[in-house]
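The chains carry the letters A, B and C, assigned in the order they are written, with residues numbered from 1 in each.
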């Protein structure tokens, strides 16, 4: 990161996003410990956290770049690589595991031709795992974007993926 | 006020929502309008009713008729038949799994009959977003009582007397925690609510926030009054978008009613709450890690003391309580400490919410008096194990807990008895495992989880769990040695003794309990290269039963490595040297001809 | 909300809305809503009862619909279930009758002989 030059966003689609991010930081500057919400906002705007965005946050919040980078990489929610239009998260909680989550993951990896943590070439899906989203009553479950699909069998996957273009 | 004769309570918990409960509400609105009943029948969207397995579920009041697995297509029939003509729709009744008997009234279903709701008293009854409903259910009356009739010290005494202990895992007495923070010097103090429910298999906090967030917020204010804090933070994990949304609505409603802000109820008490969203780190459920995360830092734990009661958020005195703990507070204030303490066991008072999941007929949330046996939970409330399978173990307490075998199911569960069995109460996740579960694989599963979630700050947890995971993986692959078992046990004790926080200190519990109760399974894996549950694929052998095989060739076509050969309409064979044990043939066979062992 | 008094007033108001869900009702009015009941004016009868309950400001009285009682010619038919009392069935309950039954029987515990169909056990 040290080799990066200071970012001066020019008039571009991303310029607007930087403005929004800056506005958010300024609005909340009196609140203590606001780095994580700022990273949330940034990821919402940019879809992931490229190094230059983290640098921008460090500048605006008057923090060191290493601190921002350290926090962003600690939490699994923050992505430092581009992600697909839809995020598939396979629940690997105990209840789902006992009811066959591994099979669901294997099948998704096969269908999408990617491994866990990767994104399809057409940027349609990113596949990931999470320990438990608390929908154990319907195990096994997957979450696509913010929608939970439960009581899954491998046969149901095609129809579900079809809903997300 | 409208002239309402009937209310439809429709569950809007996450489980029911993902099974179409939102569409059911929409369809009801249309059907009621069509039948011109929309002025006399009201729809109440409630929080989780607990019986997630049967979702979407609903209750018709005042009759109390309970319908399960309701689809948008059913709504017109319910309106036309039940609401208009008074003829109940029997096909949507709950059917008793053993006798097939139809049950129409919610309270008569075994699952509900044996429960006692305190923390979940409003869940499934009040409208999740309507502050008026909460007020009607005696909401904020406890707050009013403490602000006008009690001193902070009296509030603390009452909570101490109730015997309430932390429901997040460790079971520390809540009143004592409050007293420490109240006595700590300092003008600025904080109240935190831990809603970073990370234990796999636990979802009670989520459902309480979704179904009755006002209770939790009211309790935070009572805690604030007791310790002298005027600012609260509620830390919710990002995986719970619905809970976050409902909390946001609740906080906005309370501000509108001036129940948050300055001079609340004209008593001079100020309080405000902010939501902070977690970002996917299990360790943040640990109190010092959670505090670091709210401060905007990496969520790593730190050594205690100093305890948060003295040095917590931003270095100031802080009380941190779990969602379920807080949900009990208004009840205790309203009904008295004695009432609360009359439930439970000698050292563990009140009720506990458990999340019942895994291989059990009725999955969902239950609240029972502490001291009930696991057998009552699994068989009487949970309805037993489906598909005529046998029980192997009950996993309680998540990655910090343990696996309890059949022979200990009659132990009365409280904080102490579970500890004796090698598990912990934890947050209350109960995962039932049937005979198709491999206990070595479960130990490996938890160690894999801990490896992912260990923050890496201290060596015993970071490196020790890595070594244990490697050993367990080898055993699952049939490459283990008998000495490994001794090494595992020794490592486990060392990690317990030397880790910094509870995550590391309890991480070996799943290994220790499985070694204690299921040692023979470990030995089978190592000595006989056998996995009796058929889970550990490397130890599996797939074979075709020539008597059942019809020679349909489906398995041969599906086999990715062409290990299956045979003529059409004649029995096929698997070449064991080529087979990669992927199990595709097993899943593909329609004649049950392929067996794995 | 400025003070505790306002909160209590608000609670009393909101409690009415929750009363239906409490399962604690002293009096239950059951109206036969089969096809013939509706044809004979059971809807109007039900609406009248609902209005009367609202006016009486009582939280402990509920109205529910039931299926056909089997005596088409006697419709609209109404059962009154009151705690600790023998249930009573009335017949030909039009709006007028509903008012009378509500005032006499529901509020004041006096059976209205003129519309009575049956005392004691019903098929319900």
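Methods note: contacts are C-beta pairs under 8 Å (C-beta built on N, C-alpha and C of every residue); 3 or more make two chains touch, one makes a residue touch a chain.
Because the structure is a prediction, the values reported are computed rather than measured.
Listed by label, the chains that touch chain A and also chain B number zero.
Of all chains, the one whose Cα centroid sits at the greatest distance from that of chain A is C.
Centres computed as Cα averages put chain A at a distance of 24 Å from chain B. Chain centres here are Cα averages; for chain A and chain C they lie 56 Å apart.
Averaged Cα coordinates give chain B a centre that lies 42 Å from the centre of chain C. Residues 1, 3-7, 9, 40, 44, 61-64, 82-87, 107, 125-126, 132-133, 135-141, 144, 147-148, 257-259, 265-266 of chain B are the ones touching chain C in the complex.
Taken in their complex, chain A has these residues touching chain B: 31-37, 39-40, 67, 70-71, 74-78, 92-99, 130-139, 141, 143, 146-150, 154.
Looking at the complex, you find that chain B touches chain A at residues 14-15, 17-19, 52-53, 55, 197-203, 205-207, 238-241, 274, 276-282, 293-300, 314, 355-359, 363-365, 395, 398, 429, 431, 433, 437, 442, 445-446, 449, 452-453, 455, 587.
Residues 1-4, 7-8, 10-11, 13-18, 20-21, 23, 25, 28, 30-35, 38, 46-47, 50-51, 53-54, 62-68 of chain C are the ones that touch chain B when the two sit in their complex.
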